[in-house]
Amino acid sequence: MDGFPFAAAIRVRFADTDAQGIAHHSNYLVWFEAARVEFLEHFAGGYQRLRDEGIESLVLEAQLRFRAPARFDDRLLVNARCIAIRGARFRFEYAVERDGLLLADGWTDHGTVNATTLRACRTPEWLRAALTESATAE
Amino acid sequence: MDGFPFAAAIRVRFADTDAQGIAHHSNYLVWFEAARVEFLEHFAGGYQRLRDEGIESLVLEAQLRFRAPARFDDRLLVNARCIAIRGARFRFEYAVERDGLLLADGWTDHGTVNATTLRACRTPEWLRAALTESATAE
Amino acid sequence: MDGFPFAAAIRVRFADTDAQGIAHHSNYLVWFEAARVEFLEHFAGGYQRLRDEGIESLVLEAQLRFRAPARFDDRLLVNARCIAIRGARFRFEYAVERDGLLLADGWTDHGTVNATTLRACRTPEWLRAALTESATAE
Amino acid sequence: MDGFPFAAAIRVRFADTDAQGIAHHSNYLVWFEAARVEFLEHFAGGYQRLRDEGIESLVLEAQLRFRAPARFDDRLLVNARCIAIRGARFRFEYAVERDGLLLADGWTDHGTVNATTLRACRTPEWLRAALTESATAE
């Protein structure tokens, strides 16, 4: 999708559906996360590298807009990009599409924290550099 | 909590936790929904009444702010209130607390749809009346 | 239920349902766990006491039989009992009922492990005593 | 894996982990299902074909053995095979491996039911034929 340097492929599982016959809305946060993990692997050596340094990334805020439902066995693309990095905080944006149709979009804000204390700590330089660079990728 | 006419009790399950040792952020949408279902039971005869009329409520938009993590076996209160009803759309606000400490807040926007076609339909009058009345409850 | 010293109350959430209109079968393992946690709180000072000693309990094996579906908003009782303790291993049995109708039953086998290494360690004496005693409770 | 005609690739998501730092055991039922859906797509035209005929497959029974934990971001293979078909019932077996190491195995029993009434109905001939044939595939 234009403006997104990365997309993760997601297939809607039967367990993701609910009694409305569509994917339950809480799954989108899980899919955003799955896309973020693949994004970080692609651009920044993986989320595990953060964890190996004793750092975790906490979700601080999230917004989601649901435009059209996803259904069982749908093949989705979860487009992702990092759009801002400031201090210990960064933001990802997402657009979920099926065959070019936008189903949902949203963003998540993250803060890096010490894995033991869960207190805020500065985002490591290598991650800042990688996220900044991802913004200019095609 | 002041300003909220209703609260649902939630206990954090072990399955809700993640490898950061805290409740995974996607659970808050599930807890918001559980509170909403209890809210509708308390004020409006239950969500099943909607379904019995061939109507579903779809989540159209959601926002969440995470202020402090919840942990395994925490007893939470998910305060809920309906703050706006317009046409086929209404908004719920939530505040999740543990022992008086605010852990997270957020809102969800909903639209009523025909259960078969998932197309927007006017919110039934009895639900509008009940939601409006809930706003003045203590 | 006869033969079970304990039951946990579970309410089926909308997020628990799937596109078949029933509770997804994977939820029963989550409900078994929720019942087990409440059971341990009731009889043995809580699962957290184990964790405080640097011990975790791993699920080693599980069996489930589904006899009748649970649906959205159903109020269930998850009856639980500990039926065997040997060395580092113990077994829980469950029966899930709605209004006296048996919906599902099953069991889970558990082993106590060191929380850091995840290697098997002997079940603490206080837990063995508590589990043994629970078997004679009514 | 020897003896299995099919394997589905699963990547452990962060949301799948729990506070023990491993994948929560309930996920294996979800992964079994994901493998089954891919299996049916590969050998039998897909689960949706069943649903299009007004038939659902219910899980009747399940057994799981956990031998070694899976962790965040692990790449797993969920091997699957259909080992028995009798009347309205069939059984799948699974073996979950990571880099050749067996992490878990189990089986699930299924019955075909009318999607509206959820009453047992004979497994369609095309599905019986496809499942039987899969057993001889390499």
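A, B, C and D label the chains in the order they appear, each numbered from 1.
In this section, contacts are C-beta pairs under 8 Å (C-beta built on N, C-alpha and C of every residue); 3 or more make two chains touch, one makes a residue touch a chain.
As the structure is a computational prediction, the values presented were derived from the model and not from experiment.
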| item | value |
| --- | --- |
| Intersection of the contact lists for subunit C and subunit D | A, B |
| Pair joined by the larger number of C-beta contacts - A-D, A-C | A-D |
| Distance-maximising chain from subunit D - centres being C-alpha averages | B |
| Inter-chain centre distance, subunit A versus subunit D - centres from mean C-alpha coordinates, in Å | 28 |
| Whole-Å separation of chain centres (CA-atom averages), subunit A against subunit B | 24 |
| Distance between chain centroids, defined by C-alpha means - subunit A, subunit C (Å) | 34 |
| For subunit B, residues contacting two or more additional chains | 14-15, 22, 26, 29-30, 33, 72 |
| Complex contacts: residues of subunit A adjacent to subunit B | 20, 22, 25-27, 29-30, 33, 56, 58-66, 69, 115, 118 |
| Touch list for subunit B against partner subunit D, complex | 14-15, 17-19, 21-22, 24, 26, 71-72 |
| In the complex with subunit A, residue positions of subunit D that touch it | 11, 13-15, 29-30, 33-34, 37, 46-48, 72-73 |
